[in-house]
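Structures incoming, each one as structure tokens.
Note that subunit A is present in both complexes that follow, paired respectively with subunit B and with subunit C.
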Partner chain A sequence: MSRSLWRQASSEAKLLLIGIPVAIWTLLPIYHLVLFALSPRGQAVTGKLWPDHPTLDNFAVVFHQEHHYLLHFWKQLWNSVLIAVAAGAITLCIATAAAFAISRLRVRGGRTIMNLALFTYFIPAAFLAVPMYKTMGNYGLLNSQWALILAMVTIATPYAIWVLKQASDKLPLELDEAARIDGATPLQLFRLVYLPLMLPSMVAVGTYALLLAWNEYLYAFLLLSDDRSTTLGVALGSFLSADDSPWELLMATGLLYALPPAAIYYAFKRYMVSGLTAGAVKS
Partner chain B sequence: MSSTLALDSAAKPGRQSAPAGPTRRKLSPWQAWGIVLIAPYVLVFAVFVLYPVAYGLWLARHPASYVHLFDDPVFVRTVVNTLVFLIIGINLKMLVALFLSGFFVRTRWWIRWLSVLFILPWAVPSIPTILSLRFMLNPEWGVINTTIFRLTGADGPNWLNNPQLALFLAILVHIWKSLPFWTLILVAGRLAIPGEMYEAASVDGATTWQKFRFITWPSLQTLYLTSSILSMIWTLGDFNSVYLLTGGGPADQTHVLATLGLRYLRLDLVDLSMATVVCALPFVLPLVYFMMKRLSR
Partner chain C sequence: MAAVSFREVEKSFGATKVIHGIGFDIADGEFTVLVGPSGCGKSTLLRMLAGLEEISGGTIAIDGHVVNDIESKDRDIAMVFQSYALYPHMTVADNMGFSLRLRKADPALTKERVGHAAKILNLVPYLARYPRELSGGQRQRVAMGRAIVRDPKVFLFDEPLSNLDAKLRVAMRAEIKALHQRLKTTTVYVTHDQVEAMTMADRIVVMQDGRIEQIGTPLELYDHPANLFVAQFIGSPAMNVVTGTIRRTADDAWVDADGGGRWPLGSSASGSDGTRVAYGVRPSDLGVAAGARSIPAEVIVVEPTGAETELLVRVGTNEIVVVVHGRPNAEPGATVPLTVDPNAIHLFDPTSGQTLS
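Up next is the complex of A and B:
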């Protein structure tokens, strides 16, 4: 009896021996971020695990835009929201329509287009950044937020179409046949049958595109150079330009920037995990 | 994952039988609507993929650009860095993910909680966390060197000023960011293995290693390989881990192919920037081909 108890305790200890380092490894940079955001200027570097006088002053400075790095905080936050929402919505519209055309209407050439889209998805976006930058220059869109929105739509749609097509292929073919026999037009089939059934996948795909656009750094900082038109992510990166950057303000702003996507991720985890992990790798 | 696979094979006969229906008749409203609905994506593809790629290739058309590129010591260094980044990064990450996936399938209340926290690096945008790590590594004020100084009285290394160390740290940052995702994928793979197989093995007195060797690994190896290839593509395109941590420095010694294009753009050498991408294609295209084959089975 005590022998089995001993064995149980030792297996539990072994698990803890893995779990504790994993927790530290995972949380350390995030904890460091939070610690700085809550510390008064200059006090976070003392190496304490928790500041003596945690304060929200850093956030007050950020909200009142009282530092020259943060002169356009609210504008940049708004830009980030606008670009993420626009990219998410446009991606969703384009991808849903395309997936419906390929999967349900079986449009001619649909398979080729799906393959082209997948090919685009697999080419790393960082390699397309410079050509995209030059192209946006040719189109006269540089420094317009449309440039970033359209670039994000371009990057997000291939995967979005693929996930939606996979989900759409699962809907029984009889649904379409029944609708056709009843004399439904393609648009009615789309609106009344397809959209309601695809809603969970659409939530996953919309969230994916939204987060992709919110988190983007490289494209944002290539395509938008003006402080007033750029996103919060690029503004964070610009703190790096000087050695005497106010790190506690950077961390406070960074925390504000990190919270919405983390919240969205956890809120839609249900959809994200089933929709995206199953899509990412198929064994 | 297995259900996707099953449905794929089930969907194929449906595709074959489709031409018999009214869909294939010329200019049927179904085809017409199909064209209308797919047109927006085709437009996006033509305007923002096809044209930029063609334009990029056109910019990189001069052989002189490649001569110039190969003469640049930074480029040679970058290729070596990229290979090191890929070989160490992928293998370390996937091995740890394989190991941790075995940890996270255990049913304990605290492991369930830990798995929720474990996703954070993946769920949180990389800019603030990488900048946080960068400050932790600051030689004078960073928490790591202050701790080293407090414990030993000696100054810690100047982490990001040593090219080898800086590249290795960039690899660690990359792993920190992407490990949760791949662990999750392998957890899903492990959960798909029927529990009875392990029970039967236990009855037969199999050791933990034997269970892994003869049950887990054979079931996971395809997924492991696919994950590694996909991870390789994504790692090749990982701009943030290197750029936000080291900026390619010191002295442009820690660039990878994903960040080098930006360096040439800054130097106003757009043709070299594009030539870099062209030089990366022989790395990328076989991997992309592999993944396309996998997905369109």
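Up next is the complex of A and C:
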């Protein structure tokens, strides 16, 4: 009894030994984010663990765009939303259709496409930044939000196809056959049987693509140079271009920028875990 | 309702031929069972009829129309799958009405047809439930309901009872048969279980290795098997077969089994003295009683099942199964006299396996 208790305690101690540093490592930046955002100007760096007079003034400055770094805050936030939602939606459309065609309709060359999709992950996205810049320039899309949307779709789609293909392989083939005998055309099969059953995986993949685009910095920085067309992520980076950066405004804006992904993640948490691991193990 | 005909039907997967020129007819309203060991091609044949597999050669016709190039949905068939293949996101009513919905049928008509099928299958209380909320037998009935609502020319069943437990299987067997007697729709039913085939079929098609071994009514196959394969496949427990040589004297005829044992022949048995034969006798045509032509056998295992007792005995080196009514006084290790009904035995050519007449 005591032996097993000891073993249990020691294994929990090991977990704690790993867990506590990881928790500190993760929470410390968030703590700083909140600390700076709530501190009056100049007070955050005084070494106190919590400001004497926490204030929401920084948020008011951000919301009223009362600083020259924040002149386009609402426009840039809207750009981020637009680009993330568009990239998520387009990725989802392409990946779902591709997964359906490859996994259910068994189109010729499906295997090759899957292998190519996997192959794209041998090339880091950063390597493609310059070619992508050149390509978007050729199409005349530089400084247009379409450039970033298309780039994000390009990067997210292979993984999305891979995950959705694996997930749709798990649906029994008899369902398609039953629907075919019941009189369904491929499009009806897609709409009435396939989509409803794939919904959990699609939520997960759509969220993945959306967050990928929301968090993107490098491509957004390269492809969108005008203050009015760029995303909030890039705008945050530009705070650091001056020597006397307004840290408390940077952190307040950063905190606002971090809220939507957190909210989305919590809303779709149960789909994320089951959806993204669905393809992980072939059962 | 419609007749179905297969003409020289072939199927290849790449270079592998799995169906070798099969031809037979199914009459309008007939309940036909395709039976055979796994891998014999029975499911493939059914799927070709359903339009789920392409036909590599020959023709399949439903109601006189060749359907080789007609899509599944236009063949006017309904299929019940082994896994039921119910749409998990639809209620029972939606599952059953799905085919009519695809045909853009009047919702009132759909509701009426679904209600009618649900009444036949005792599914009325479950119409608003989802498949995951049903038991195996209920799911099975929903799958059948989906087929009934279609009112198709032909019902196809692909091993529909394999996923059910033994008791439910027997109950559903009777239900499917009663349903057929009520609707009189031409039915093609695939199973590997010869008991299902025997109990349900108007006619059985026995298949092996992509070929038909024999077609006939259940009792024709049981009483007059065309060859050793059918003889041993149909009937449970399987027919006992020993190989040996025919011996004839002026007033007696028997088979000297290779492993030992003198197996009596009836007066009508053909074959001259010295002919090599496979001698088959069903376990129920053997008895334990002393007689002039009885064979001494050593009891190995006694399996009482209540009304009947199954004995595994050894005659020479051959192991023989005997089914006797009642509870014979036999102990493992004892020697009992085995009697054979000489007019119930079957003789086969030992090399080709064909029945000798």
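The working rule: the second predicted complex is superposed on the first by the 252 of 283 C-alpha atoms of A that agree within 3 Å, B and C clash if a C-alpha of one lies under 4 Å from a C-alpha of the other, contacts with A are read in each partner's own complex, and residues count from 1 in each chain.
Assume a contact is a pair of C-beta atoms (placed from the backbone, for glycine too) under 8 Å apart; a residue touches a chain by one contact, two chains touch by 3 or more.
Just so you know, these numbers come straight off a predicted model, no measurement behind them.
**Student:** Going by the contact rule set out at the top, does A:A97 touch subunit B (first), subunit C (second), both, or neither?
**Tutor:** In the superposed model, A:A97 contacts subunit B only, not subunit C.
**Student:** Look at A:P196 in the shared chain and tell me whether it touches subunit B only, subunit C only, both, or neither; answer first, second, both or neither.
**Tutor:** After superposition on chain A, A:P196 lies in contact with subunit C alone.
**Student:** Please indicate which partner A:E174 is in contact with in the superposed arrangement: first for subunit B, second for subunit C, both, or neither.
**Tutor:** Touch status of A:E174: second partner only.
**Student:** For subunit A, which side has the bigger count of touched residues, subunit B or subunit C?
**Tutor:** Larger number of subunit A residues touched: B.
**Student:** Under the stated touch criterion, which partner chain does A:A267 make contact with: subunit B (first), subunit C (second), both, or neither?
**Tutor:** Neither: A:A267 stays clear of subunit B and subunit C.
**Student:** Is A:I24 touching anything from subunit B or subunit C once the two structures are fitted on A? First, second, both or neither.
**Tutor:** neither
**Student:** Just subunit B (first), just subunit C (second), both, or neither: which does A:D182 touch?
**Tutor:** In the superposed model, A:D182 contacts subunit C only, not subunit B.
**Student:** Would you sort A:A9 into first (subunit B), second (subunit C), both or neither based on which partner it touches?
**Tutor:** neither
**Student:** By the touch definition above, which subunit A residues appear in both interfaces, subunit B in one complex and subunit C in the other?
**Tutor:** Shared contact residues on subunit A (touching subunit B in one complex, subunit C in the other): 177, 180, 185.
**Student:** Quick check on the complex: what are the subunit A residues that touch subunit B?
**Tutor:** Listed in rising order, the residues of subunit A that touch subunit B are 15, 18-19, 22-23, 25-30, 32-33, 36, 45-47, 93-95, 97-98, 100-102, 105-108, 110, 113-120, 122-135, 138, 150-151, 153-154, 157, 161-162, 166, 169-170, 173, 177, 180, 185-187, 190, 214-215, 217-218, 222, 233, 236-237, 239-240, 247, 250-251, 253-255, 257-258, 261-262, 265-266, 273, 277-283.
**Student:** With touch defined as at the start, can you tell me which subunit C residues reach subunit A in the complex?
**Tutor:** 50-52, 71-73, 77-79, 81-83, 85, 87-89, 98-99, 102-103, 146, 150
**Student:** Using the touch rule from the top, collect the residues of subunit B that touch subunit A in their complex.
**Tutor:** Contacts found on subunit B: 1-5, 7-8, 11, 14-15, 18, 21-24, 29-31, 33-35, 37-38, 40-42, 44-45, 48-49, 51-53, 55-56, 59, 100, 103, 106, 108, 110-111, 114, 116-121, 123-129, 131-133, 135-136, 141, 143, 146-147, 150, 176, 180-181, 184-185, 188-189, 192, 222-223, 226-227, 230, 233-234, 236-240, 243-244, 247, 257-259, 261-262, 264-265, 270, 273-274, 277, 280, 284, 287-288, 291-292, 294-296.
**Student:** Subunit C touches which residues of subunit A in the complex?
**Tutor:** It is residues 172, 174-175, 177-185, 188, 192-193, 196-197 of subunit A that touch subunit C.
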